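Next come two complexes built around chain A: one with chain B, the other with chain C.
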Partner chain A sequence: MDIFLERLFDGVTNGAVYAIMALALVVVFRGTGTINFAQGEMALFTTYVAWALTTQDVPVWIAALVAAAIGFVLGAVTERTLIRPVRRRNDMATLVVALGLFTGFNALAGLLFNSETKTMPSLFPGGESDYVAVGGARLYWDALGVWLFVILVIGAVFWLFNRTRLGLHMRAVADNPESAALSGVPTGRILMLGWGLAGIIGSLAGVLVTPLSPHQLSLTTMFPILIYASAAALFGGLDSPIGAVVGGLVIGVLEMMITGYVEFIGGTLPQTAALVVIVLILLFRPTGLFGSRQMERL
Partner chain B sequence: MSLLEVTGLTAGYGPARVLHGIDLTVDDGEVVVVLGANGAGKTTTMRALAGAIPHQGSIVFDGAPLTGLRPDTIVGRGISLVPQGRGTFSHLSVLENLRVGAARRRDKAEIAADIDRWCEVFPRLRERSGQEAGTLSGGEQQMLAVARALMSRPRLLLCDEPSLGLAPVIVAELFRTLAEINREQGTALLLVEQNAELALGIADRVHLLEVGRVVAAGPVAEFRDNESVRRAYLGD
Partner chain C sequence: MSTKTVDVPVEKPAPAGRFPITIVRGSGRYRAGQLGLVALVALLLLAGASAEPFRVGQFTSVLIFAIAISGLNLATGYTGLLSIGHSAFFGLGAYTTGILVVSYGWEPLATLPVGVVLSFLIGVVVGLPALRIRGLYLALVTLAVGVAFPELVKRFADFTGGAAGLVIRARQLAPPDWTGLRLGQRHLWLYWLSAVILILVLLAVRNLTRSRVGIAMVATRDNEIAAAASGVDLAVVKTAVFGLSGAITGLAGGLFAMYIGALSPDGSFTLLKSIELITGLFVGGAATLLGPVVGAFAVVFIPYYSADLASGHVSGIVFGAVLILIVFLMPEGAVGLLNRLGRRIVRITTAAETGSDAGRSAAHSAEKEGEPR
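The block that comes next holds the complex of A and B.
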């Protein structure tokens, strides 16, 4: 029982991070119509910046905020300078640019911060004895901290979407870009802000997940996160923010249960399992659980 | 000087040119109808005026040139388009659709008052205010599209075939409302229609469009008596 509960807690913690990463992917997809494969590597880059700040004795919370701010700028500038010019011509080109950015940001991080593994401090106290016992299992404070933080991020994003003018305009552009423009919505600026918002969310996912990651901060830290987040977004429906959250939790828990209970998969195959999930969803329910728009190209 | 003055407007899609130099005017508070067969370039004209497609030629509105401006900027200048096929936001509620229509405005209290006013004019919208627009009937969606366009307080409202796909009773009601809006708000109307009988009923002037050119223009009375117009558009 307790081992099951601990796996469940770990799964929810990982899943919470996948959920907000998936949310970032959904925010971009709703506006631009493609998955931003560079989202993970953008987050990797900003997490390195946060790490570099902490080595200069900047408090980790401040470093996380700076990373989020840089994430916003990176996302917005990428949309404005790289995505918008090619998107007008060809949708496939958008995808190629995203893949180019994927390798670009990774290489940039390697160039600036070298490829040695770093230890990223956690936002929450994470000692061996910082836990509460729940049903005979240990629920660590840092896991609880991640849950709480993710709930806040998700709450903020839903508040933005449903309670603010900017969010209304984002939803209008996602629903019908031409009508939005004809109603007076500056669609270009809205798309740019959407990429910026995704940049913020992704950066926060980065600083949350690296202290939990067994390999800490290295150039490959964010790649599996992006794979799981993509699976989560596809599972929930690429244009559904609620779907991203549910999908993230499901994938996170599935990952832990599969590595824990299915021996032949072990520690290295769960990413493949996630990809199998993607393929199965695309086969049987192309719009995902909560989605309405299906992936037209990939 | 007219409110809207269009001279030598050309536009098209890719290499295919649809408009070959349109000349057209709308005066302040006037109702102008553009008649034309399928493919004459009616929708293309409207989309060019709203800035939705690239075009050449001169569009002057209220003394200022509009050519090259983005659609959202043009809305800010006082022109609003009710697109063909309504173009409502199907996953947004009726109320949210109306709020998006006020995207260029900041006067919160006045926006709320306008939403109230248009819900009075179109009572069905109030009944369905919380419903997703995609669940509305065709007629209700058309009313929503008109109300949404009016939320920007335009001086010129462009309507692209508002009667398309609607039952005759609904169409008659819609035209009555459009005429009322024109009378009470002083909003100038530029209507594109295939339903000539109804459109002529509320119009001051007519432009006749044939393969991308305006071949005739003048007061409604002249057209009602014109033999070829009666045959082509009024089914006599």
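The block that comes next holds the complex of A and C.
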């Protein structure tokens, strides 16, 4: 029982991170109609910056804020300078640009910070004894901190979407760019802000997950997370923020349960399991659980 | 809603001067030109073969990549199915050859057809989701395939050698007796083998893309619904093209195994390989016959000249920057650009078109009607 609970806690913690990464993907998808393959690598880059700051004795919370700010600028600048000019041409052009960014950011992080593994300090107390016992299982403070933090981020994003004028504009642009533009919404600026917002969320995911990741901070830290987050976003429906959160939690828990209880897959095929989930969803329910049906546009 | 732009080649009315020179397909001048091209290719290949062994090796990898990118070109360039998972086909071909040679003592050449068939079958399976989804979603599926391949290789370590890798002994890769080449001339054997296979692949791609199927592929890419309405069976076209595309890239993988001799899952078959192939395709020119060959030169020589700068990271940045720059500055790729410029100087027409432009303009207006509004 307690080992089950521990796996459940681990799954929820990972799932919480996948959820906010998936949220970043969904925010971009709703505005731009594409998945930003470079989202994970942009987050990796800002996480490296945060790590570099902590080595200069900057408190980790400040470093996380700086990473988020850089994430915002990176996202907004990318949309304005690289995505917007090619978006109208076709899907392929956007995807190829995103792939270019993916390779470029990863290599840039490697060039600036070399490929050795770094230890990223956690935002929360993460010692061996910092836990509460729940039904015989240990729930560590840092896991609990991640949960709370993710709830805060998600709450903020939902508040932004549903309670502010900016969020209304974002939803309008996602729904129907032409009508939104005709009603006086500055469509371009809203898209740019959307990408910036995704950059913030992604950066926070990066800073949160690296201390928990078994690989700590290395050039390959964020890629598996992007894969899981994509699976999560697809699972929930690519244009649904609620779907992203639910999808993230489901994928996180499933990952832990499968690697824990299904021996054939074990610890060696986790991403392949995510692949199978992606393919199955796309085959049987391409709009995901919460996605809207009118995604095919002519 | 979002309008897809369809690239309809806009042919300017012929200027009054001497250019473009019109050559009728099948005429004497056309045949002479073809013969000249064949002679040129033969000369280039001979020149390549007489370089020092290290250079010959580099040229061989250019030839192998050209085959792999030609495979990708069928799916991504001609049919518009963006694949980020072709590293898996490349790896599948390579491991098929590797395992059959190492564990079962097969003749390397005999393993190639097996790899091709396997890659074709897997390609069809991966292409199946393309029936219901397109563009972005297909890219996601292929991304996952590309990621899964190295994991699967590591998981089935008894079979594949796992993370430690699979080494084919040099003796097993010796040139066959009928070539008259010695063991030490292995590089020449692989060079000529790759060259011949590349030429066969290019001829096959050329004929395929000029056939009815080829038109169906391009129609699927440019406007799926219009294509389906015109009687293109999307399901058959997409899965078959994906299978064929995988098969050709798998063939290149088999050659690569013979060329490199040692396979490791994290070495040449990761997602980065897929990105290299995509970069090569777009640099050379998607949906052009010779684009993959030009792209292969870029893919082989860019890392070679930037690798010593800083442990491979610079070449990653260069790849990323080149990909983005190409999309902005030269979306048709090097060969696409050359083709367009070349058409101003030499125009090849069929006999029916000469004398009056009626046929062409009729075809044009028909094409325009197919455009989405």
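As a working rule, the second predicted complex is superposed on the first by the 292 of 298 C-alpha atoms of A that agree within 3 Å, B and C clash if a C-alpha of one lies under 4 Å from a C-alpha of the other, contacts with A are read in each partner's own complex, and residues count from 1 in each chain.
We take it that a residue touches a chain if its C-beta (ideal position, glycine included) is under 8 Å from a C-beta of that chain, and two chains touch if they have at least 3 such contacts.
Note that the structure is a prediction, hence the values are computed from the model and not measured.
In the superposition on chain A, contact of A:Leu234 is made with chain C only, not with chain B. When the two structures are aligned on the shared chain, A:Arg171 is found in touch with chain B, with no touch to chain C. Looking at the shared chain after the overlay, A:Ala180 reaches chain B, while chain C stays out of its contact range.
Ranked by how many residues of chain A each touches, chain B and chain C are led by C. By the touch criterion stated above, A:Met92 is placed in contact with chain C alone, chain B being left untouched.
Contacts of A:Thr103 after superposition: chain C is touched, whereas chain B is not reached. In the superposition on chain A, A:Ser115 contacts chain C only, with no contact to chain B.
On chain A, the surface touched by chain B in one complex and the surface touched by chain C in the other have residues 178 in common. Those residues of chain A whose C-beta lies close enough to touch chain C in the complex are 33-35, 37, 82, 85-86, 88-93, 95-97, 99-108, 110-111, 115, 178, 223, 227, 230, 234, 268-272, 274-275, 278-279, 282-283, 286, 297-298.
Against chain B, in their complex, chain A makes its touches with residues 165, 168-169, 171-172, 175-176, 178-188, 292. Within the complex, the chain C residues that touch chain A are 1-5, 76, 80, 82, 84, 128-129, 132-133, 135-137, 139-141, 143-145, 147-148, 151-152, 154-155, 225, 271-272, 275, 278, 282, 310-317, 319-324, 326-328, 331, 372. Only residues 50, 52, 70-72, 75-76, 80-81, 83, 87-92, 96, 99-104, 148-149, 151-152 of chain B touch chain A when the two sit together in their complex.
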